[in-house]
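Quick one: the structure is below, and I'll ask about it shortly.
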Amino acid sequence: MNLENMYQEIILDHYKHPHGKGLKDDFAAEVHHVNPTCGDEITLRITPNEDGTLTVSYDNQGCSISQASASILFDQLNNVTLEEGTQAVEHLIAMLQRTEEPNEDILGDGVALVGVAQYPARVKCALLSWMAWKDAAIQAIGKGE
Amino acid sequence: MNLENMYQEIILDHYKHPHGKGLKDDFAAEVHHVNPTCGDEITLRITPNEDGTLTVSYDNQGCSISQASASILFDQLNNVTLEEGTQAVEHLIAMLQRTEEPNEDILGDGVALVGVAQYPARVKCALLSWMAWKDAAIQAIGKGE
Amino acid sequence: MAPLDVAKIRADFPIFDRTVRNDRRLVYLDSGATSQKPRQVLDAERNFYEHHNAAVHRGAHQLAEEATDAFEAARATIARFVGAQPDDIVFTKNATEALNLVSYSFLNATIKSARGKALPEGAERFVLAEGDEIVVTEMEHHANLVPWQELCDKTGAVLKWIGLTDDGRLDLSSIDFSERTRVVAFTHQSNLLGTVNDVQAVVAKAHAVNALVVLDACQSVPHMPVDVVELGVDFIAWSGHKMLGPLGIGCLWGKAELLAAMPPFITGGSMIETVHMESSTFAAPPKRFEAGVPMAAQAVGLAAAIDYLNDLGMDNVAEHEHRLTQLALDALSVISGVRIIGPTVAHERGSAVSFVVDGLHPHDVGQILDEHGVAVRVGHHCAWPVCRRYNVPATTRATFYVYNDEADVTALVDGIKAAQRFFGVGE
Amino acid sequence: MAPLDVAKIRADFPIFDRTVRNDRRLVYLDSGATSQKPRQVLDAERNFYEHHNAAVHRGAHQLAEEATDAFEAARATIARFVGAQPDDIVFTKNATEALNLVSYSFLNATIKSARGKALPEGAERFVLAEGDEIVVTEMEHHANLVPWQELCDKTGAVLKWIGLTDDGRLDLSSIDFSERTRVVAFTHQSNLLGTVNDVQAVVAKAHAVNALVVLDACQSVPHMPVDVVELGVDFIAWSGHKMLGPLGIGCLWGKAELLAAMPPFITGGSMIETVHMESSTFAAPPKRFEAGVPMAAQAVGLAAAIDYLNDLGMDNVAEHEHRLTQLALDALSVISGVRIIGPTVAHERGSAVSFVVDGLHPHDVGQILDEHGVAVRVGHHCAWPVCRRYNVPATTRATFYVYNDEADVTALVDGIKAAQRFFGVGE
């Protein structure tokens, strides 16, 4: 099955045992993103730290891809800078549009999301939390200034 | 040419030498009808007489069919009753929809309009003045009551 | 009643000649979103373009005459299908535009009236006052909800709604229409729950307070005999593309005296009577509501779809779907971990069967089904409030139509079990 | 520049295989109303239905993916054709709806603002005050006149217009835009006079007072290279059916920041972000303006039409029409009793050639032409005020496109002379 490219073991693991799920009370910016076609939702919060990194927390509901992707996001983007995180978001988009090869240094387990590129309708699921992160991060930095 | 069925000599005669064209000042009801696709227009006035008949006058602009038809209308419907006139209007409609055979007793020269039935886009031209007459006649009678 | 010959029907639909994913047979269970099209419809549309194409109602040449005749003959066919008069059928691009046409009639009449502008005779029926009430239901498609929310936002009218029972029916006991109730807008069949509503019961209560009734018939006209006179409603709206017809055409039917009383919505060419730079006057319905060059080829295609359905017989179509729905409900109810959202019995119910699978998100269920060649829809199906009402984020939905059969129900069941196995849930 | 190979082009259009009336060759001079469709367009549409048909943006199954891809690829092709970004193209049913979409943005923003309701950021640009001015021209098609009349009627804005010179041009000296001028809406090419307007000159004056510019490009996009950036306007609207594409699809292009600032027009499914019974929020453009299942097959057909035109080269198309227009103007001007309504020279002029014949009504001229196989349009061409301006009740209009040639001009001339003979007028 082609499907196994999308639903790799590593993705299903993240889905079943999500990392970092749960909202922190303390935050500088909060966003709520939805995928209007299927109703997937995420609430994501960002707190900037002294050293310029951003702490992330989230809560979500949705399909395996959107939940696994959020869990991977937590692994990769918790406590990174806006620049580092933005670079990762852009690489994920490029990978899902097949314009860049998966780079494990940037995405960690996220490279396993490459199978999603075969299913255009699922790309939005994989991107939901990452777009939310970018939105919230920019707001949080903006407020800090 | 098929066309000659529509543009019979008798129609072209009415077109070039219309009967009764020109508005009478004295009237009980006036209507203004237009054919919105081509801009043909008619103003038509009705005055009821003591004996129950209706005197008609009109002014118009339009194609040969609509002008000839108004001229024929003047011949046929000037000084007839609402019932007689309505019967004639209905027969004309039926003839143009090919559901009744032309009846010269009712339509006079109007039977020559039968060729118009072949050209659905022109049926409205032939009916314009007759529909105006019916509208005005009903209004005039209504006011008299 | 004559059972449908599904094999013969499928042979008319070119799309079933293709396979999907890993060379699987196409099991199309998404007709609730849009139906497939038989050769007869595609041929009719193409024939129009190849032989009679011209702008309708606009020319005196032969092609224009032929195009106009074909367009108006299509209108007559469509009208007859729902027991209506041709002049009471307005063509729109889809059902959504048809419903908006009605809601905008209220907006435009209300605004023009407030400014003392000319309105058609009888337009008071469409003039709203602050505090007037518009009633919908909790099972509406967004197309029959958002336009009314917008209308309320713009006029100060108040939106109310009829709630739902736990088993997926309208809670008629929650109805409290009053003299302030001006519009009751509801669906004939829910596209998510499958529920078929008792139209006449609602109409009786609505008309008792003089409210206008707008029926969303998107999921009924394609699937069962519908007669506007029998239903007793004031407007019905539906789409061509869900009933074997082309994309890009919808229909509004309205009572003649109401259409005549409505100010125009979209304005421009062909809907006018006279135009001066200073002001214009408007044609009678249906033209008043059909500004611009219309979708004549699509109307011709839709008429061909109706001929096709008439040949099958709408009673037979309804019976066929009823049987498949019964089968599907029975089969799904014995899969452990599967829960139907909507009535679990086929009585007063259409063929939209929504369900959730414990431990699996609908998107994932849909994906595995797709891998097996089974095309279903997942998500909130443009009826998000229904999902909220039943506490599910989304559902998986199968819908059946004339080209589906028992084997398709089996494929659905097998696919769901495969999804459970793949994700290690269920038994 | 490469001259068009008309014989080769005609072979692509199935309709030219038929004859009209008494077995005459079809001389189709009514492309200004709607164009004929090449096989390539009909094939593309049919291919969509036979292989990829599904509701776009709604399903996770393979057909839905393919349909969505085809629809969005079509949007990209269409955007590229006018130098735009895909997300700034909105699909409508025709140009008329596209123009109404803009006029209703003003209405809806104005009403919502007055009631203190939520509006997109930047929506002030669309909020009108009593006495604000909307400027059109005296040569507008009803589609770019009546919606603005209606908007004024509903908001208290005032309609003004730019007059015309005796030779059929915009009287630019009559322009007096002010800070009250909020919208300037005008046509790129008059569908009756053929006049091509100097868009940049009008834009410069309009933008100087901060007015938004809406361009009716129905008669330009099909006939000449059009680039929205170069034109500098804020919106353009046009139809697919006049440019070899299917009926039932039109396009609106708008500057991204303006589309983003506009409240929705037609509301329902697919244009929302979230929906609760109490209220809803809306998606970003273009989806915000595409409620309901869209005309995907027609979008695919329109993209095929654009591929076809691109293969011919829009410069070549314009040059071809220019040559035929020149020929027609020359030939008509030497028939005694024939008067051109509109510019009599081909400079800054498209291929719509309107004329009157002394002593004959246009309906009768059109009828005789039809008998000779020549399809023209007669009437006011949905531009009634232009007829009034030039004191004619109506005109006969010939329009030329890629499948017309010199022989068609000759047929027109011969037909006019035959009409004069038949009615005994002229020399």
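For reference, chains read A, B, C and D in written order, and residue numbers begin at 1 within each chain.
Please note the rule applied: contacts are C-beta pairs under 8 Å (C-beta built on N, C-alpha and C of every residue); 3 or more make two chains touch, one makes a residue touch a chain.
The shown structure was predicted, so the numbers you read here are calculated from the model rather than taken from an experiment.
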item	value
Longest centre-to-centre distance from subunit C, chain (CA-based)	B
Centre-to-centre distance between subunit C and subunit A (centres being mean Cα positions), rounded to whole Å	37
Distance from subunit C to subunit B - Cα centre to Cα centre, in angstrom	44
Centre-of-Cα separation between subunit D and subunit C, whole angstrom	30
Subunit A, residues touching no fewer than two other chains	37-38, 119, 122
Touching two or more other chains - residues of subunit C	21, 58-60, 64, 272, 274, 363, 367, 378-379, 384
Overall pattern in which the protein chains touch one another (line/ring/star/complete/other)	other
Set of all touching chain pairs, with the criterion as stated earlier	A-C, A-D, B-C, B-D, C-D
Residue ranges of subunit A in contact with subunit C within the complex	1-3, 6-7, 12, 37-41, 61-67, 119, 122, 125
Subunit C residues touching subunit B - in the complex, by the definition given at the top	57-60, 64-65, 68-69, 272-274, 283
Partner subunit D, residues of subunit C touching it in the complex	14-15, 17-18, 20-21, 26, 28, 30, 33-34, 36-37, 42, 45-46, 49-51, 53-55, 58-64, 92-97, 99-100, 107-108, 111-112, 115, 117, 138, 141-147, 149-150, 153-154, 156, 159, 161, 239, 241, 246-250, 264, 266-272, 274-280, 291-298, 363, 366-367, 369-370, 374-379, 382, 384-385, 388
Footprint of subunit D on subunit A - complex, ascending	34, 36-38, 119-122
Contact footprint of subunit A on subunit C as seen in their complex	21-22, 361-364, 367-368, 371, 378-380, 384, 387, 393-394, 422-423
